[in-house]
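Labels run A, B, C and D following the written order; every chain starts at residue 1.
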Amino acid sequence: MTLDFSTTIAGVRFKNPIFTASGCAASGKELSQFFPLKELGAVVTKSIMLKARSGRPTPRMAETPSGMLNSIGLQGPGIDAFIEEDLAWLQTQSCDVIVSIAGETVDEYGALARRLRGQRGIKAIEVNISCPNVANRGQVFSCDPVTARAAIEAVRINLGGEFPIIAKLSPDVTDIVAIAREVIEAGADGLALINTLLGMVINPKTLRPHLAGKTGGLSGPAIRPVAVRAIFQVRERFPSVAIVGMGGVVHGEDALELVAAGADAVSIGTASFGNPMSVIEIRDRLSTLIQDHGFTRFSDAVGVAHER
Amino acid sequence: MTLDFSTTIAGVRFKNPIFTASGCAASGKELSQFFPLKELGAVVTKSIMLKARSGRPTPRMAETPSGMLNSIGLQGPGIDAFIEEDLAWLQTQSCDVIVSIAGETVDEYGALARRLRGQRGIKAIEVNISCPNVANRGQVFSCDPVTARAAIEAVRINLGGEFPIIAKLSPDVTDIVAIAREVIEAGADGLALINTLLGMVINPKTLRPHLAGKTGGLSGPAIRPVAVRAIFQVRERFPSVAIVGMGGVVHGEDALELVAAGADAVSIGTASFGNPMSVIEIRDRLSTLIQDHGFTRFSDAVGVAHER
Amino acid sequence: MRQINKAARHTTGRLLSIRKVGTYFHLVLQAEGIAEGAKPGNFIALSVGGDQSSMLLHRVFAIYRSRQDPSHGAVIELIVARSGKGSDWLVAQSEGTLLKITGPLGTSFPLPADPVNVAIVGGGYGAAPLFDLADHLKARGCRVDAIIGAATSSKVFAPLEGKRTVNSVTVTTDDGSAGIQGRVTDVLPEIITRQRIDLIYSCGPMAMLRAVDDIARSLSIPHQVSVEEAMACGVGICMTCVLPMMRGDKVKMVRTCIEGPVIDGEEIAWDEVAR
Amino acid sequence: MRQINKAARHTTGRLLSIRKVGTYFHLVLQAEGIAEGAKPGNFIALSVGGDQSSMLLHRVFAIYRSRQDPSHGAVIELIVARSGKGSDWLVAQSEGTLLKITGPLGTSFPLPADPVNVAIVGGGYGAAPLFDLADHLKARGCRVDAIIGAATSSKVFAPLEGKRTVNSVTVTTDDGSAGIQGRVTDVLPEIITRQRIDLIYSCGPMAMLRAVDDIARSLSIPHQVSVEEAMACGVGICMTCVLPMMRGDKVKMVRTCIEGPVIDGEEIAWDEVAR
């Protein structure tokens, strides 16, 4: 019995369901010295903005129990340099690429989408409307149904149906199902669940916030139960929407948890920081586990926790 | 130099700022074999409801990375038996007591408050409007500004000003400052921050939700950065409201983090499950740390992270 | 009457020895202030994983034996099975490791006043505390017949000293690799009849306990059960370890770390127990 | 030109020995596939805490020396200071522990083509990689003067073999418990003049590096700095380790694990560095 380990996200097929998480693999080059990128289901690139951006000052990170806070602040070269350099390089690696974009305004989301139209070597667009590391928390589009919808509509209109749209949501909301509904109605083909939780660490020596940006995004196994819950809730309400799950996956068992809750694919973030081979190890372990459970197709395991 | 380790919550003085967390010390008796309860700033009792309640079926817990999920479902003997037995016993221990109450309806909150009026040996009432372990998530009063306000108003009116009211809030909201504002306006003298986060674990063997109640509340060090952030945000906006902080405190250093963020007292929950002496060890360590930082009064350390 | 052991202490003890016994591990722990007051059926709770561990909750283990050691003072012995991340960590420790121990906890096996005929029924590591109990029963003049079951021979816990204590040992294994192929309940009725058993004690997996209790109830033989529910604290403060039990004519969710682990079989509302 | 070491591998290596040196610990690790390609200035990243640890992120350490060991093959040596929960765990390990190692990482010290006069300036454990560098410099015919500073004598890292390699060693301590009381920068200008220093290499706390760079800039002496920024991954994927650097006429936030740790002093926009 061989396993069909492929997965389909909004009509697009990926050879396996293990992706990098946006912002946790830069644009892929750095991990490629440890394994060929085409071993992955997809490389999800760091959220790119319209203009070059230097991000927040340091310290930008704090380790927390079974997790970490980051406040990178979407540092990046801007969409033009990204397309010319990073995307061009990725195209030489015969790997599947999902490009993550982040705008400061609804118009910027539109402009980013326009800029990506016609680019080769992209399988889908992940729309980060949930980054907590921006000065004005009002900019977290996915915390408000109205702005969440507006950002996704802007992307949809400007993308012209060329690539599937995956909307990345924040768990820091009272009702994630309600936000999911908005973005699905606005044209999202899939959802990425979850972005980081807003957190803070106080430095016990200085008694001041440890991060220069004060607050940061909490990731890692600490938040996995929140991710599983969010995926489960959204999958329950929207049985057919594509879900890319993420949040604290370190072992193959963790990936299986997200899959059973309803994830069609699983992105690996923080785990790579402590072990650059994590993505490969998790992929291999997940494949074994799924077969041990008697599945012959990965897709049959998706959402299995909802069965009675 | 001796330390004034006392703290004042809404006009009431407690000999030290370390409390038990509601639901993590039963009604005190069990811990009293390890240390005298009067060593604590206060015992916060498990949230009590109007009627006896058997709670949720087992499994009721899952260990998670640096945390745990629980779905106890507010098991308890009901307010009458609580007053007659648990509260009466606590009165014999010369310890300070904060009674936590939880209702299923606004009226029940009112009825609970009425029932506590005139009871001796109570220093304050904590109003749990944020328990995630109830069948209908709509019952999480603190997830909605309107119900949050209504529950606190019902308590205030029925309590007749006899005890200070501490409203316990959920972090599972888009804007915790907005909820804090509502309950303060409704008459809360203090806030308890934070209750557990809604989470889920899937059993990797059965591929079904591990908890009988499917979802549970996430507690422990995993959520500490969320607690610190919530306390910091609320303290920033409401400099003079009393805050009882909680969430993932295991060491004295962790307690200091919450204090620096703005907590006037710190409750210890999950830590006691792995070490019943935690509360005492944390109290002693916090006292040392505060003195090492040069404070002579505990209250001077409260909120110090907000200074520039 | 079963009574909660109120002598519980929290202390730090040294792991004095650890050695493999079949698939189990036999641990000897220094436990000053804990071992002295322990009664058969009591358990202890351990912190696992060390200071920077991601595991916060207590792990609980039945006390296999407690005794006064000539060179190490008060010690307790455990029989530990690997069954997850905490027990994996525990059995990987070497002599000298310091462990945080809380105990003795829970109820103990009530001892009969008269010298009656007793059956002890143990499944897997559940057999461990029953041999200590047998010692006490023998001292009171009881006849003790042991029935020890397991999935396979390496999981049968029946130490030599233990076997010597009791009047007879019947071993059953699911796969027939030791003793009689089958379950403890396949041999129990016959032994009850032959030895005119007055009283049964059992400890093991919940499914076994229930099957034993069915037999005990049908023959109206008193049955003391040591149950095993997932515990987060072991000391009565978390309410996770509850079991539905009859209290008067009502079913109540009762903490098995406080009103158990040793419980009257007939008090358990088996039909309400989650599976 | 400094170039990132592209030979990075992820492997498991055995801790071969660990021994205290002053307040530091000297570790020898088996590092097949890593040690072979390491250059002076490179570093490695370790996972800490074991399987159930609450610590997820890499810990990075400069390679003190890498060599071929007759009995253990390719090994690397580290000098580790206790400065937090991960390093506490690391130095508590005993011989035989298996560690996940990623390396060699980062840029290395560029070596001059000609036999010039070099000053190496090390602060605390920062002195460690400089002695290996000195070896290479001596092989190219350079004169090497070492200035080693620390808060106190037990934190001065100046091993005997290292001292033999260089032409002179000047030790400074803040408290005067060893060598000259004061800072490395109190003695550096005089040594620069006396030995006609052409090139400076430094490694140590950021404040020291900055002070050394001030002197280097004012005298227009090329200065290669090995910086230390908090790192979560060490391999270029997290963007936490950035330092503001001049790129053309712009200040950019540059990853010090990829474009560093060894950096041209004059490229660092010190005024923008957070404190």
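We adopt the following convention: contacts are C-beta pairs under 8 Å (C-beta built on N, C-alpha and C of every residue); 3 or more make two chains touch, one makes a residue touch a chain.
Treat the numbers as computed from the prediction; the structure is a model and nothing was measured.
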Practice prompt. Among all other chains, pick the one whose mean CA position is farthest from the mean CA position of chain A.
Written response: C
Worksheet item: Which whole number of Å gives the spacing of the CA centres of chain A and chain C?
Response: 47
Worksheet item: Taking each chain's centre as the mean position of its Cα atoms, how many Å separate chain A from chain D?
Response: 35
Worksheet entry | Mean-CA-position distance for chain D and chain C (Å) | 55
Worksheet entry | Two or more partner chains touched - positions in chain B | 65-67, 220-221
Discussion item. Can you pull out the residues of chain D that are in contact with at least two other chains?
Written reply: 54-55
Worksheet item: What topology does the chain touch graph have (line, ring, star, complete, other)?
Response: complete
Worksheet item: Which part of chain A faces chain D closely enough to touch in the complex?
Response: 23-26, 29-31, 33-34, 46, 54-55, 57-61, 63, 65-68, 70, 72, 75, 212, 220-221, 250, 270-277
Response to the item:
Within their complex, chain B touches chain A through residues 62, 64-67, 69, 143-144, 172-175, 197-202, 204, 207-209, 214-216, 218, 220-226, 228-229, 232, 248, 253, 256-257, 260-261, 289, 293, 301, 304-305, 307
Practice prompt. Enumerate the contact residues on chain C facing chain A in the complex.
Written response: 54
Worksheet item: Of all residues in chain A, which touch chain C in the complex?
Response: 65-66, 221
Fill in: Touching residues on chain C, where the partner in the complex is chain B
6, 8-10, 47, 54-58, 100, 102, 229-230, 232-233, 235-243, 251-253, 258, 274
